[in-house]
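Shared chain: subunit A. Partners: subunit B in the first complex, subunit C in the second.
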Partner chain A sequence: MSIITTPNGYTLNNSGKRVVIDPVTRIEGHMRAEVNIDKNNIITNAVSSGTIWRGLEVILKGRDPRDAWAFVQRICGVCTGTHALTSVRSVEDALGINIPENANSIRNIMQLSLQVHDHLVHFYHLHALDWVNPVNALKADPRATSVLQQKTSPSHPNSSPGYFRDVQNRLKKFIESGQLGPFKNGYWSNPAYLLPPEADLMAVTHYLEALDFQKEIMKTRTIFGGKDTHPNWTVGGVPCPINMDGVGGVGGLNMVNMNQVHQILQDTKTFVENVYIPDILAIAKFYKGWTYGGGLSSQNVLAYGDIPDKANDYSASNLMMPRGAIINGNFNEIHEVDLRNPDEIQEFVPHSWYKYPNGAKGLHPWDGVTDPDFNVSSAKGSQQNIEELDENASYSWIKAPRWRGHAMEVGPLARYVIGYAQGHEYWTEQIDKILTDLDVPLEALFSTLGRTATRALEAQWAADQQLYFFDKLMTNIKNGDSSTHNGELWDPADWPSEAKGVGFTEAPRGALGHWIRIKDTKIENYQCVVPTTWNGSPRDEEGNIGAFEASLMHTKVERAEEPVEILRTLHSFDPCLACSTHVMTEEGEELTTVTTSPVGS
Partner chain B sequence: METPSSVLILGIGNILWADEGFGVRAVETLHRHYEFAANVTLMDGGTQGTYLLQHIEAADILVIFDAIDYNLSPGTLKLIEGDDVPSYMGAKKMSLHQTGFQEVLAMAELLGRSPRALLLVGVQPAQLEDYGGSLRPATKARIKPAMDAALVWLAEHDIHAAARQQPLPESESIVGSEIVMARYEAERPPPDQACRIGDERVLASDAFEVAYRPHKVGSDTLDVDVDYRGKY
Partner chain C sequence: MIETFYDVMRRQGITRRSFLKYCSLTAAAMGLGPSFAPKIAYAMETKPRIPVLWLHGLECTCCSESFIRSAHPLAKDVILSMISLDYDSLIMAAAGHQAESIIDEIIEKYKGNYILACEGNPGLDQDKTGGMSCIVGGKPFTDQLLRVAKDAKAIISWGSCASWGCVQAAKPNPTGATPIHKVPGIGNAPIIKVPGCPPIAEVMTGVVTYMLTFDRLPTLDRQGRPLMFYSQRIHDKCYRRSHFDAGQFVEKFDDEAARKGYCLYKMGCKGPTTYNACSTIRWNGGLSFPIQAGHPCIGCSEDGFWDKGSFYDRMTSIDHFGIEANADQVGIAATAAVGVGVAAHAAASAVKRAQQKGDQEQ
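Our next item is the complex of A and B:
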């Protein structure tokens, strides 16, 4: 047992009871978390581990760079489009391909649509049940719920007592049928749940409304991407031609499907403003005393920026989502971020199951190596069933990316912290308003709830910007420009024998970069540094802990065998986990096994 | 005139993990070889989970192709119908997209919009832990029997398909020409360049010890273990 202080200021004590949470998932963020808790149930040490090999990069070697997007969008089932976009941008950067203005507008609408969609689904269907108790909702008075709804969001039409009674009856039938479905395996008697029954019923009702509404949002990407469920992308622009005089659903974009897109964008904005934002405020009011989970967000945050206003200009001043880095909590200095600079973004592997050649330490992604080296000889338990990882040795399939040596948080909260520090007008106004409404100081932002709230604010912003790009697209088309693709450098015969490029986006869950090297028209090296790599990173060379680990520190867990607080904070990063939770005694004896997932099973 | 039933034929799974891609490859093959009426949609569902909900709830009749761990010998084909489907899809945590998909079915039920007829065409995978790999011969050989079984079941629900005179070209594949099965296999990097294994703990766990036994494969002559419950 030991007590150490990390260079980034955390005192880690691994002497108390070890709680092991082992989620397994096929989608982004395959991870396991272990924490030690002291006699007062306060977390004193946190260990985050990616438990499944993600060798995506290596299976791309030797393939056509123009095909890479189709592979990377199969990495995970959630942010397919954002990986595809990042991939085509990396190839365009390598080959110096410019895309038409219309393609930029369409890509931005698709990316913003993904932001809203992912945030909405994340909150209601993956994260809300960390705050909302559906079983408690059965105790609610539908009339009082109706009053609460009208007070919370006067413009939302679904607010009658009869409506809430109907939902409550449906919920009751569903729960009584014994299947519970998405609501099973919750800790429904845990004192960590603080909402009154009426707020629970309102939120569960919106869980259903959001489930119903989210499918509309997808249609935008289906129309622009040409197909469900994996939209088409292409190097040099977008694959959908514009043919405004055309008819029907095929043969490109026409007035009919553009009108449909416009309607969806407007409905999305209305839903976010009438349901999502008011719910966040209503729920936050009951939890504002629960201030845990801030982790690195008040110290080190990073964003690459995204949503270029004009096409082909990826400089910070043209990006509507800000780029920058803040370190050591100094909000007066926002550092420039250069994804090409070999001294800035580097990945380290001393605590990861990889090896680097020739004793290399940090490697920039262009020179990145993905060479697995799995070894758990110092962990407790057997290789087939690890009881306790050894955080002093290698303990994760995730590398440790660092910005100029610093562990960084990425994602909506990181973006909003940078935007606020930069004076991003829209975002500053949103943050000031929510702080005033909740009557909390700015410091309240640096928390689990702050992460959840900024995600909602970002959905609102994204819903608005979609309409901005829709107008821009329509104006450009009316002015006679219907170009969506630049095929000048499509033919590999016109490519240089060697090229390298970087593509980046702000994925819903944070900064995403793809670095590519092309040799003799084929992929020579491809490296993805995904948001979960930043947030879920293990310790580095110097012993700095990553964002997940830092966010769990000092949290009080009401019941060690039902670590809802840990899930709440991990889910707030939107890593899309499905988790099997094993809780151990001090001697490593398993107390109980609980299974949870993004939607509760 | 009666509105025709809305039919969804859905393949799910991750093509990057060998036999995990069975469902997607089955629908890809079905689409290239058969034509359906306009009320029938064929879809590559990948690992999309919740995003598939709109299609599930819009369907009166749903056919799902997937790799399922039934604890049977590799390549065994098994048909499951109706209310039994969700429990089969979540029986083993072999593949997390199945747990996700089980949730999607529960969500459709919660919204009161479940398909009225549901068929799961599952195959027992031979190998999952081969990252970047394709279907094993034993599994690939079940694509045709799986398609045939689905077509028989659909015909009993009065949904009929017509064999195409010529299979659709790769460029019109439902999964996209970039990852159509033949190219996906042909352009795979060699093992010394691209590590193909997964986490040893996963490889060592019981759930993944489905030994692959290579044997001669003839597409039509293999045993097809079908669940004959009810009218089958």
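Our next item is the complex of A and C:
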């Protein structure tokens, strides 16, 4: 039992009732959360633990750098492709390879389509059940839902009473069967659910519509990358050739499949604007009094930036998603972020199931070490049956990355906070509009709901930018440039004996970086620091808590045994735990030493 | 034939009165009125949808992501009308012990009559990771897997992780990741491997609907894969095969040959040794597949495909002339033949083509 105050300003008291949630479901990968609550059911201490580790960085050692994208793509099949893109950028950075403009446009469309898809699927299929009660939808009058739908989103065609009655009947049949499938053992009588039945029915209907529609979004990636999940990428550009009017054009990107791409991009924009955005607004109206979950977002946020307008220029001014860091809540000062600077991004392991050699503390990813060292001897339970973790010891497969020593939040809310502070025109307009529509102050943004809302705004923005890059691609082709790949340095024989590089993206869940060292044409060292490593990090040397833990603090739970509120806030980050895999070896050592961080994207 | 829930309860000595009370309580627990109780009772007395427990081990969730992209049937229809997806930590509403208790309940009620669908695999390393590289409910994932496998009617090993080990099992396999059929104590339930990273969405839903439609397992090859989807190589049915036979090859990305859609064999294509349905069923509603989009096949449905050299290394050994060879015969010996043969064959094709051309000109 103890009460401590962390350097980042949180008073942690673990004397109250301990509530354990394992597994935390509706996330990618495996995760555990423990909280203490006081007699008023307020969370006074939060512990988040990554409970999966796969060791990909060890596996990459000695491989062909041109293959790395495929390995790291398998870090995560939900944010499929973002690791692959980060990887090919790291190799191109190391070797000084420039890609053609068309390849940049195609990559951006693929990355933006992932943003839309990932955000949409996250909201409806991983997050919505924290706000929406499908059982309550049975009580709705379909006519009332129809009225609500037409008011919420007048241009969405699926809005008749009969349509909602059909969905309700299907849902009724499903629930009456007693086989509730994914809805089984949900918390459907918990007073934390606030929507009226007609809104629940509308949202459940869109759960199903979104499930049908999401598969369309990714078809652009199937056209450019051959399959989805896990499309193909390549160092030096993209693998798909363009052949608009020559012999065999039917086998490349031609007018037919470009028309299909265009159609999908337009449909995607329509769906986001007709369904996703209006639903967020409709649901937020009922929950805007639930202001928990802001955590670090009003204090420390970080973004690397992404979506280069012109190819090969990764300076902040050319990136359509902003780069920067805000610390201690000072929005008037946006710090530059340099992924190469050894003093900026570092990872710590005092509370992770890893050890560093020779008393090392924070390590920059180019010099990172990951040596797994699982031990829960001070926890309640046993080594293979954990009852309660001991947060004063090691308690997670996730490392603790810090920016200049600060715990940071990354992701859509962090990006929008930085973009807003920088005056990003499109984003500022979106934010101002949603605040006006909901009649809430700017501070309302720093919350669970703010995270969920900015994710939707970002999907809208991304859907728009896809069309921008489609136009750019077609204009460039029209101007006579059909190139999609630069093969000058394809042959490893032409590479320097040693090189190092860094690639970065803004993954759907936040800032993602890969650091590579190449020696004698093979990977000597490969490090990934992923979004969920930032957000889900355990405590560091100084005792700072990470974004997940901070966001849970001070939340009131209605029923201690039903973790609706905890799930709600954790899900607002869209945790991705499979990325907790990072492993690499020290020079010359065998695979006993594994580098760097776990978790995420 | 699956017993109904009511049959099971009666068999366990529960009276009809208690059964009806249970139905009322279930309705109440869901916040539904008493009028729902008889409807629940009716459903429980008739044939249930087959329960599926979908477990996640060491994996990346690409299999689930692929599954929801199925064009026919739609994932929605599979989940709402065909199976009862009672446990799937990816999409289920419940968490923590409310989630874990479902597993016990299903095992008890449907002993021998539920399907275990496994995505990912367990890490068995005890040395560095204490068997805890994947933890569920505070315990090793292996425990959950073995518990569910014991009384399963059948096990579906989704994807290359469950089927072969996949990326985390690539050398040096730091977590001791082990495919499902090799996990000690896995038991005797039949295992259907549906490999691929991920498998094609419609192949996944096709396997499920086959089992429901015909009430039997699909015919499997000796390695445990459904014959109908995995008995032929991508190369056998590739639409670029004629360019292979004609000796017309892409030499580098975006060259003239790439734009014309020539064969990607020299770019490292693993189509000739990969058993999968990509070149026939194709991906995402039959839209495309990797070769069609200009990238060589990386062989993602094959055992150990991560450890067979660079994806861009030209295969020096293809059992090229064994077109009739099936997966069983090729299996282990797959990559043990004739780079020279390929070249010779390609050259022969080219000569033949030249001769024919000559004939035409004459």
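Quick note on the criterion: the second predicted complex is superposed on the first by the 561 of 601 C-alpha atoms of A that agree within 3 Å, B and C clash if a C-alpha of one lies under 4 Å from a C-alpha of the other, contacts with A are read in each partner's own complex, and residues count from 1 in each chain.
What we mean here is this: contacts are C-beta pairs under 8 Å (C-beta built on N, C-alpha and C of every residue); 3 or more make two chains touch, one makes a residue touch a chain.
All of these numbers come straight from a predicted model, not from anything done at the bench.
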Superposed partners subunit B and subunit C on subunit A - clash or fit: clash
Subunit B versus subunit C as contact partner of A:245, first or second or both or neither: neither
Touched partner set for A:439, first subunit B, second subunit C, both or neither: neither
Partner chain(s) touched by A:374 [first = subunit B, second = subunit C, both, neither]: both
Partner chain in contact with A:425 - subunit B first, subunit C second, else both or neither: neither
Partner chain(s) touched by A:212 [first = subunit B, second = subunit C, both, neither]: both
Stretch in clash, subunit C with subunit B, out of 22-30, 202-210, 256-264 or 346-354: 202-210
Footprint overlap on subunit A, where subunit B in one structure and subunit C in the other make contact: 24-27, 51-53, 55-56, 58-59, 63-64, 66-67, 70-71, 74-78, 80, 121, 125, 170, 174, 179, 181-182, 208, 211-212, 214-215, 218, 228-230, 232, 371-372, 374, 376, 383-386, 397, 578
Residue ranges of subunit B touching subunit A (in the complex, touch as defined): 14-16, 43-55, 90, 93, 95-97, 99-100, 102-103, 106-107, 109-112, 131-132, 175-176, 178-179, 187-189, 193-195, 197-202, 204-205
In the complex, subunit C residues that touch subunit A: 5, 23, 26, 29-32, 36, 39-40, 42-44, 48-49, 51, 56, 58-66, 68-71, 74-76, 79-80, 83-86, 88-96, 98-102, 123, 128-141, 143, 166-168, 170-175, 177, 197-198, 200-201, 240, 252-255, 258-262, 278, 283-285, 287-295, 298, 300, 306, 310-312
Contact set on subunit A toward subunit B in their complex: 24-27, 51-53, 55-56, 58-64, 66-67, 69-71, 74-78, 80, 121, 125, 170, 174, 179, 181-182, 208, 211-212, 214-215, 218, 228-230, 232, 370-372, 374, 376, 383-386, 397, 578, 597-601
Touching residues on subunit A, where the partner in the complex is subunit C: 20-30, 32, 51-56, 58-59, 63-64, 66-67, 70-71, 74-78, 80, 121, 125-126, 129, 135-136, 138, 170, 174-189, 208, 211-212, 214-215, 218-219, 222-232, 234, 236-237, 239-243, 246-252, 353, 371-376, 381, 383-387, 397, 482-485, 487, 490, 562-563, 567, 578, 581, 583, 591-592, 594
